[in-house]
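In what follows, a structure is listed as structure tokens, so that the remarks can point back to it.
To keep things simple, chains are lettered A, B, C and D as they appear, and every chain counts its residues starting from 1.
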Amino acid sequence: MKRQIPLIITFLIGTILIFSFFIPPMEKLEQTSTLFFDVIAVFAFFLGGGNLLRVHFNKLRRRKRDWGFSTVTLIGFFVTLAAGLFKIANPGGIAASPTTEGALLQEIFTYVLIPLQSTMYALLAFFVASASYRAFRAKNREATILLVAAFVILLGRTPFGMMLTGWMPDSLSVLQVPNLAIWVMNSPNLAGQRAIMIGIGLGVISMSLRLILGIERTYLGEEGA
Amino acid sequence: MKCKSLVILLFVCGFFALAAAEEGSGPPDSTHVDSIPPPTPVSMLTARDSENDHGHSVTLMWELSTDDGAGQNSVLSYEIFRWVPFFMDTLQSIRDSLAGAEGTIAEQLRKRRDQAIAMIPGAHKSYPEQGGWRKIGTALSGQSSYEDVGVKDRGSPDYMADHTDYYYLVDAVTADPAIRAPSEIVGPVQSFGQFFNTGRIPVFVAVLVFGLLTILFVTRARRGAELYVRPLAGIEAVDDAIGRATEMGKPILYVLGLGSAADIGTIASFTILGRVAKRVAEYQTKLIVPCYDPIVMTVAQETVKAAFLDAGRPDDYYEDIVYFVTQSQFAYVAAVNGTMLRELPATNMYMGVFFAESLILAETGALAGSIQIAGTDQVAQLPFFIVACDYTLIGEELYAASAYLGREPILLGSLKAQDYAKAAVIILAALGLLAASLNWTAFINLFSVTS
Amino acid sequence: MRRTTIIAMAVVLGLFILSWILRSASYVTVQEHYLIGGLKVTFSAFLTLAILSFLYKDNPFYKFAEHLFVGVSAAFWMSMGFWTTIVGNLVPRISQSLSEFFQVPYQPGSYNFVYFIPVILGIMLLMRLSRNRGWLARWPLAFIVGTTAGLNFVRYLRSDFMEQVSATFVPLFVDWKGVGYFISHFSLSASGQFVAIVANWVIFLGVICGIIYFFFSKEHKGVFGAASRVGIWVLMITFGASFGYTVMGRISLLVGRITFLFRDWLGWIS
Amino acid sequence: MLDVTFGIPLVVLSDVGQAISLLLIGGGLLWIFIRSLKAKEVDRRVVFLFIFFAVAAPILFPITFQEKATPIVKKLFDKVESLPAGSKVLIAFDFDPAMAPEVQPMANAFTRHCLVKGYKVIFMSLWATGQALLTQTLERVVKGEFPEKQEGVDYINLGYKAGNEGVLNVIVTNFRMMFPTDVNGVPLDSTAVFDGIKSCGDLDLIISVGGGKPGIKEWVLFVGDRVNVPMGAGVAAVVAPQLYPYYPKQLLGLLGGVKGAAEYESELVKHYSRFEHTDTPGLRMMGPQTLAHVVIMAFIVIGNISYFIGRRRERRR
């Protein structure tokens, strides 16, 4: 009972949506199910919020390592939640967008979330460098191919590619690094991407079918749990 | 008789006089547009119900005006008109008053609106009396078709009733909007819904073929046929990595990625997590599973709990093995990064759906000196995992891993079906190549999904 | 905490306050108090540097930024989800009085009762927080999984499978005008016929070998094994090239952050 | 010294700051290189520090590298360079503010080049949002840097006309039918620029700058292919690969992304000393990018050297 009903739900919804792709009168179902999906996702946010509070209150209560920082999380959480749900300092009142200019939520977004988010993202610039230093080593044939392809593209993106190979005549122009870089992006790179995509496509199709037919049921967890 | 020829004579004279006056007026005033001669109208205008939809739409097609891209080259656009009865204005006024109404009045108005909508087909029967032409859209020069797509929602002013006689005409318009040429009127035409989208037949065939293949191999596997699966380096490495962690007395970090519980990559990851958790329970090593999605977290908790039970150590399980962090990409990464540097796990596993954070995680893990095993179906992130991790499951390998680990005949059977589909792709690609080289378009068109 | 840590933190906090004062002094605005304007920019800069400090090693400033980030982001997305989805999409469809309360236009319709389904499923999901009724959360989960599986099945079949396969249908001999023409016009020019032909051969063979690499139920031996080897080489070129190509975009992200520090905070550049 | 270490032949060192930062980065890399010969691994933080410097220094002290133009850019530059004075060139601003940082530098460089050569320039836009950006270029570049040029005599602004490729379809045979007047209402016939121009076929060169639809592709299909007028283009980096097939038959040359802009600006500065002090945003944006790429490539090389030396040592043991 605890497992049968979910399996039936999955089967019914999945089959209906597959058919709706081919049957025009059923097309609106796709939009409706997406809206349902969004609403459930918001409840998931609340579930997440509840879990977050549980994790950090536990840390506080048990005086775990770094418990002091959990207070930072909790204060940040409650201040932002209040600012968002009650639209504090929102010039447009209840009817306005929650992120109207001047609202506390918008200020938090601009001066706290954006710097944090974009700096985390900017860390990638450093990690791209350290990863290339560490990993682009000609250890074996595969690694060498990886290294050479990356190097050609990198060189093609700087002025030096042209400086080194610009002397080549037009009849050899594909060997000029910038052109070679474009060629690599357009041919072997495209082939590799396509092979991976076809594989993934088949995998997704097969897994979806297994889910709909109830063959794959790991996502339901175990009986009695 | 005499009278008649006199009129003709006068007429002819007048015409010549006019023509002469026009010629005599000298060079055209330079501040004005060069006077544009009227273009030729479009020809062969046809209207029919749009195919493969749920109705409420009519498709118009025509042959271009001879002055579009050729001839005088003066046609800039086409304006499409539909004959609309005055009755539609009455309907719209009901809609307008409904928008501001409340309670019982709204109820009454809605009833009146629905009655009026039922009368639309009848109102169109009065053509060409009690109505007029209304512009419904524009097509650019060079375009020879237009789809008049109405709305299904009865409350919308753009609602288009099915099974109603519509009439259309198309104007060829020049740079001077006043100079235009109307086409002949087409109609009546009715829109209606279709039950099957014939443009998607190729996909439908593929669905059937693939579905049957899977069912065939799954039943064969159930009957006990032996199925071979090639070893996957990334999965073979998992057991070693757990052993290493046990020796070092350090934890194992398992990251499920940013996918939701419905993403295929995440579902495949659950199976791998189950296997890892079982081994961890057997070796009595510490496991850390920080989660991005609350629903994923609940599923992961059940999976881990069940694995501990399976390993015969249900008492070693505690809630905090799997915990929720936050549902925000970079905040999650910030927290996982912190965990990596503080707990210094012996092994990090990244399995599931990843985005830009892939490299941040993998490099921080390398900084912490952990062995790293990754697997994702996000093509754009694979290069970063390949570069920064020790083992990587590439795309489909991640899905195959769950079948490989489960060793269940059913899963292996569906893997076999996938391989047959791949063989079909290779054969089709070779045929397609031949077709493209020999300009054999009929074959290529078999694969085009039109709508 | 050790003394050195406390001293270091005090120094950083002192610098932060100093920067706040300096920043406020140069802050010209009509709308808000200059101290608040200065605080906002200085705090943003502080958070930026706190995250960057992670590159050296884990430290209390990073921990502070990390924990703040977790709390604020969770609440931010929760309130955004509440206003845009619950109030924006759901309320107008299920309740007139609630719509009036939130001042959103009520959208009556004859099938609106179905919109209670996601609410019920959502509440079942929240049952997860209870120990005994947790299994109810499987229903919404099954709904979500069924929806994506159904949508994915046809979508992937169409765009990732059929369209990718038919995109591989390329002619192997581009602009073929006979062997004589080919030889007499032979060149390695980037826009030449030879290069175009090689490109199509590479795409075709690359895709085939790549797919062969992904065969799971057959041992990679003999010709099959050789093709699978070539396949992994093609994949390696793909990964290397994609990696190299993304570097430029990643550097731009850092340029943006450093520009913020130099321009908005320090005022060194304009 | 720098030239030898790095292979950077023409670094413009106009500032002490630049010199110091380049010395720091170059010297540092050299030091690490020497260490790597002893098979010593570099700490990751050192790599981080180098990247930070490589990006920050060119922001603080704008360092520009003289780009050597790739043939695809050089051909277009040479074409613009080789037209006789008084030639008629059309420059189309087919982009919106989102794309502007990437492609407006190209449009400005084309404008400068044409004006300095004494061509008669016709500006127009197929994008409604492009007109404001076109006005910006007119104010800053044309009126700001070439005050001697007269509107109507040396250049003309036709502005934006709705109709997308429909506009092209008309002007390919008749300009006046689509644009009876310029953007200010001055009749085309009364302007010196349009003396002798009836249609696109009477132009000497057409340059389209854009990155969306309508854009370069539409210009090629509706105008370039139909009348025998050479065409050049500048595009955003993301769409550049899709346009390469048009080169060199339908497009004389193509500037792709910031790098293309930088290459063109570099050629311009090389040929005309008057542009030495004008702003070159393309080159400026390439500064941090180039340095960071160089640092990454240097580290790849260094890493491989220390790897091979280390391996050889291990084998000897």
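Please note the rule applied: contacts are C-beta pairs under 8 Å (C-beta built on N, C-alpha and C of every residue); 3 or more make two chains touch, one makes a residue touch a chain.
None of these values were measured; they are calculated from a predicted model.
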| item | value |
| --- | --- |
| From chain C, the most remote chain by mean C-alpha position | D |
| Interface with more contacting C-beta pairs, comparing B-C to B-D | B-C |
| Chain A and chain B: spacing of chain centres that average the CA atoms, whole Å | 18 |
| Centre distance in Å when chain B and chain D are each reduced to the mean of their C-alpha atoms | 35 |
| Chain A and chain C, separation of their C-alpha mean positions in angstrom | 4 |
| Of all residues in chain D, the ones touching two or more other chains | 44, 48, 51-52, 55, 289, 292-293, 296 |
| Of all residues in chain A, the ones touching two or more other chains | 18, 21, 41, 44-45, 47-48, 51-52, 66, 116, 120-121, 123-126, 128, 130, 132, 134, 136, 146-147, 150-151, 154, 157, 170, 173, 176, 179, 182, 185-186, 193, 196-200, 202, 204-205, 207-209, 211, 219-221, 225 |
| Residues of chain C touching at least two other chains | 51, 54-55, 63, 65-66, 69-74, 76-77, 125, 128, 134, 141, 144-145, 147-149, 152-154, 157, 161, 165, 168, 191, 204, 207, 211, 214, 235-236, 238-240, 242-243, 246-248, 251, 254 |
| Interfacial residue positions of chain D with respect to chain C in the complex | 45, 48, 51-52, 55-56, 59-60, 247-249, 285, 288-289, 292-293, 296 |
| Residue ranges of chain C touching chain B (in the complex, touch as defined) | 51, 54, 57-58, 62-63, 65-66, 69-74, 76-77, 108, 125, 128, 134, 137, 141, 144-145, 147-149, 152-154, 157-158, 161-163, 165-166, 168-173, 204, 207-208, 211-212, 214-220, 235-236, 238-240, 242-243, 246 |
| Complex contact set, residues of chain C against chain A | 40-41, 43-45, 47-48, 51-52, 54-55, 63-86, 89-90, 102-104, 114-115, 117-119, 121-123, 125-126, 128-129, 134-135, 138-154, 156-157, 159-161, 164-165, 167-168, 187-192, 195, 198-199, 202-207, 209-211, 213-214, 231-248, 250-251, 253-254, 256-257, 260 |
| Residue numbers on chain A that touch chain B, as the complex places them | 18, 21-25, 27-28, 41, 44-45, 47-48, 51-52, 55, 58, 65-66, 116-117, 120-121, 123-124, 127-128, 130-132, 134-136, 146, 193, 196-200, 202-211, 215-216, 218-222, 225 |
| Touching residues (chain side chain B, partner chain A) in the complex | 52-55, 152, 193-197, 200, 203-204, 207, 210-211, 214, 218, 260-261, 264, 267-268, 270-271, 274, 293-295, 297-299, 301-303, 305-306, 309, 320, 323-331, 333-334, 342, 356, 359-360, 362-364, 366, 377, 379, 382, 384, 386-388, 394-396, 398-400, 402, 410-411, 414-415, 417-418, 421-422, 425 |
